[in-house]
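We just call them A, B, C and D in the order they show up, numbering each chain from 1.
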Amino acid sequence: MKKLINDPRRVVEEMVEGYVHAHPDYIKQLPENERALVTARDTKEGKVGILIGGGSGHEPGFLGYVGEGMADGVAVGNIFASPSPDPILEVTKTIDKGAGVAYLYGNYAGDVMNFGMAAEMADLEEDIEVGMALASDDVASAPKEEKEKRRGIAGEFFIYKAAGAAADFGYNLEEVIRVANKANAQTRSMGVGISPCYLPQTGEPSFEIGDDEMEIGLGHHGEPGIEKGQLESADSVAERLVGDILNDIEITEGDDVAVLVNGLGSTPRMDLYIIYRKVEQILKDRGIQIYRSYVGDYITSLEMGGCSVTLMKLDEELKQTISHPVDCPMFVQK
Amino acid sequence: MELSSYDLKNFFKTVADMMEEEKDYLCELDRKIGDGDHGVTMSIGWQAVNEILDADLKDEEDCGKISVAVGKTFLSAVGSSVGPLYATGLMKGAKSGKKKNVMNELDLVEYWVAFARGIKERGQAEVGEKTMVDTLEPFANTLEAKYEETQKFFESFEHAVRDAEKGMKSTKDIISKKGRSSRLGDRSIGAQDPGATSAFMILSAFQKFAENRSTQVS
Amino acid sequence: MKKLINDPRRVVEEMVEGYVHAHPDYIKQLPENERALVTARDTKEGKVGILIGGGSGHEPGFLGYVGEGMADGVAVGNIFASPSPDPILEVTKTIDKGAGVAYLYGNYAGDVMNFGMAAEMADLEEDIEVGMALASDDVASAPKEEKEKRRGIAGEFFIYKAAGAAADFGYNLEEVIRVANKANAQTRSMGVGISPCYLPQTGEPSFEIGDDEMEIGLGHHGEPGIEKGQLESADSVAERLVGDILNDIEITEGDDVAVLVNGLGSTPRMDLYIIYRKVEQILKDRGIQIYRSYVGDYITSLEMGGCSVTLMKLDEELKQTISHPVDCPMFVQK
Amino acid sequence: MELSSYDLKNFFKTVADMMEEEKDYLCELDRKIGDGDHGVTMSIGWQAVNEILDADLKDEEDCGKISVAVGKTFLSAVGSSVGPLYATGLMKGAKSGKKKNVMNELDLVEYWVAFARGIKERGQAEVGEKTMVDTLEPFANTLEAKYEETQKFFESFEHAVRDAEKGMKSTKDIISKKGRSSRLGDRSIGAQDPGATSAFMILSAFQKFAENRSTQVS
């Protein structure tokens, strides 16, 4: 393992420190809790607050997505570990503008418990209304019939985008949560890993993989996938990933989708665009229309190699949320 | 057998030391079926506990308050899955130590039963789902039953820890149904659950600590 | 070497194909030459055309920077190889709006010859006025006295930004070139590599490096640096890089700078922000003011590990160019 | 000795084949002091030449036009440093083949001298700066002088290639002053320049091709 870090035990603190100093007009740390970050811009009274969060090591996820049009605040966990309720609660208190706060996070045991505890505390101690929407877009992580058991991976990006826009549109908390849940219901992801990441504190590879192998359906914390296979060409990989998605959700001729080809950390943009090329061909062949595409590192796993493909099936409302402008330190859309 | 607030703090320090030693092993277990961080998380949490024991809790003598503070500290430091789980255990256990400088054997039985049941309730897991509940549930059942039957603390605890160990080992052969590893299906078979392992370590550490304690005293 | 590609000989074609299909409202390929890409938006008559280019494998450099506020077109070379004069000339013809075209590229023998030939052809065959500004920001690549021999690395980003803004401001060709040259004169970069990249066609690592080593001053094509050293902490690396820069250009108390901490491809954002943290501390200690910071993968070397630090010393005019909004497929600034 | 347009095309095909074989070696040289792509670039360029020889140039009989087209094709396909360099060489050489279906010995001497000098002019490099000019300049000087002196083509070419080889080998021991490797300073010592090597390969391939050609004919 080779990293440009100092003390492995302090990577999250130092990253956050660097981050807030790099973008002072975008983001600030709350004095109450250094893992609680909120937008530095003024947010409208009466707007639903959007709170995101999860473990560190997924940058730009999640702290990179605080800003206009997406989240108002983020709770930052240790590497690959849910934040504790404390920073979640502090962010909640700060970003509540009287309309309640929507918690958006991935469906992981740890996040469910910590965000759940924070929501209880927000209700009981602070009298703030909290709504929750969980991302469960990873097709590989449970059978179709048990979608609610699936984990959230890169598709979380679309859910933030949708809910962030909805809040900006002036929707109330219930409506924001409805949009977030709809976005999640319409979103599917499928990933492949070709090289592991290394936790700074252990220095060990997150998974073992042969020189000519790929791990299909792996989680974005290096959790084993559903199948180890021979490393194949970009076209075959794209076919496999898109195939699994289209087997899972009905998207047919004339439908509109948003596409995300997401790098896991060390995959060059070159490779991602080569994957995108095939994804586009497959969709085009089926008469599916691409409304907007995102290609790059959106939710990573440190320096893991590989990528995921995400499709979100769009109705008019979701199209509006996709087109809504965003201004975050790590993601800007005009 | 009695446990003073001073002993209780020392026990938590023993756990902190142990987790430093076991962290690589726990990470290795978690790499097989999870995200490889269980040892790191336990280490971060227990080091934070270690610090607060020497600071805010230095002069605290209320066993209940100590256990609550340890739980909250652990949770704040780690979040993760095990933060809420162990924190809930420690906070539920705290009730039997409330306003006590010394806990007697019955208090201790109640403490550990509440610890185990609290975790189960928080995580909503059942035995057989390949989690720490596979360690904790048989432990709590045996401890409660044996102590009621025999009123012998050490014997009961020993039995309970033995059943905890069986439970922990049983996680090797089952398919995970909860937590990260639940996505693995058959591929989770053969790997022992990291949380079941750390839970066993804590229980067995307490057994040794208490036995030592009583030999020193007698 | 593990990559998500198809035929290694066709990576550039396939990447470009994926890229133009992913962002059809941003960019289009010229029918005359598939390596010639221009903005899909209308550009004002009378605006100086900004043409960038260089080898592939540096994405987002260079094709990612075509869009409003930066470049009007890009000529795409093979991996780590200058584009030939053909696509440069085609782009020139398309983006000339009567005010001439500024060529911005890095100071490499190949680029100098190919862009030079294209400029001659533009003049002789097409009667289009061409101006040129070369990036030579890499402190490691020649002594101070021979700055004109230095190669261009991540600092090219600032030069595109400055010249792109100047063209938008309505400056004429001479003025745009003046601003680009000023930006270059005020910009210094220094990089460090910790793991190699792999050319798709050879599959070989671009340089050899021990498990505990770093290469200081390496080029962004894997050219050897000035010194191999023990891999050090992020803070020491930041001190070394910034130290070398500040020894080379006088930036003192009260001066304003733009900062770029650039990842070479596989370095997690976490590590980049940890480096940034120290860079900011060093500058702050010296009373140097940070006007704006950029942290991320701006000009990469495929999946190389490592980073570079770039400082641009700002006067009022350069500040304006830094603040100017940009809308490119791989970089947006509001 | 005479070379027909058919021979010229065959010679270029020989170079294309040779570059496929040598590409790994040339990349390896370039990895030491450059960016590791010289073999790849030569391969891409000469494969493109190979294709055009079979297509657009199939029925072309003007040696000048052939050489110009080969140069342009090479340049378009590769860009890079060597694109403009070799393309300029091929286009400058073309002059002595202009409107000729067959080139005689004097034409060939002029061709290769112009080839070498054209490259030098394009790259603005001097002998001793660790580039292909270290191969090409002594080659051209010897070829020109020897042929003027002896009027013997093969002997002169052989001498010239021998000096080219010496020039190529000399690049091992000198510090680079041009191109990517010029940033290396002392660290460039010990590595032979890739461009000097590929240039030598082309010249020596022509020597062999011409010798073969003349044996076949005689």
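One rule holds for everything that comes next: a residue touches a chain if its C-beta (ideal position, glycine included) is under 8 Å from a C-beta of that chain, and two chains touch if they have at least 3 such contacts.
Just so you know, these numbers come straight off a predicted model, no measurement behind them.
When each chain is reduced to the average of its Cα atoms, D sits farthest from chain B. The mean-CA centres of chain B and chain D are about 75 angstrom from one another, to the nearest whole unit.
Chain centres here are Cα averages; for chain A and chain D they lie 54 Å apart. Note on chain placement: the centre of chain A and the centre of chain C lie 29 Å apart, centres being C-alpha means.
Contact of a single residue of chain D with at least two other chains is seen at no position. Multi-chain contact residues of chain A (touching two or more other chains) are absent.
In terms of inter-chain touching, the protein chains here are arranged end to end in an open line.
Under the contact rule stated at the top, the pairs of chains that touch are A-B, A-C, C-D. Of all the residues in chain B, the ones that touch chain A in their complex are 24, 27-28, 31-37, 39-41, 43-44, 75-85, 122-123, 178-185, 187.
Those residues of chain A whose C-beta lies close enough to touch chain C in the complex are 2-6, 11, 14-19, 21-23, 56-57, 59-60, 64, 192, 194-195, 211, 231, 233-235, 237, 259, 265-277, 280, 293, 295-297, 300, 302-303, 305-307, 327, 330, 332-334.
Remark: chain A residues 9, 55, 77-86, 108-110, 113-114, 117, 140-142, 149, 151, 199, 201-202, 204, 206-207, 219, 221-224, 226 touch chain B in the complex.
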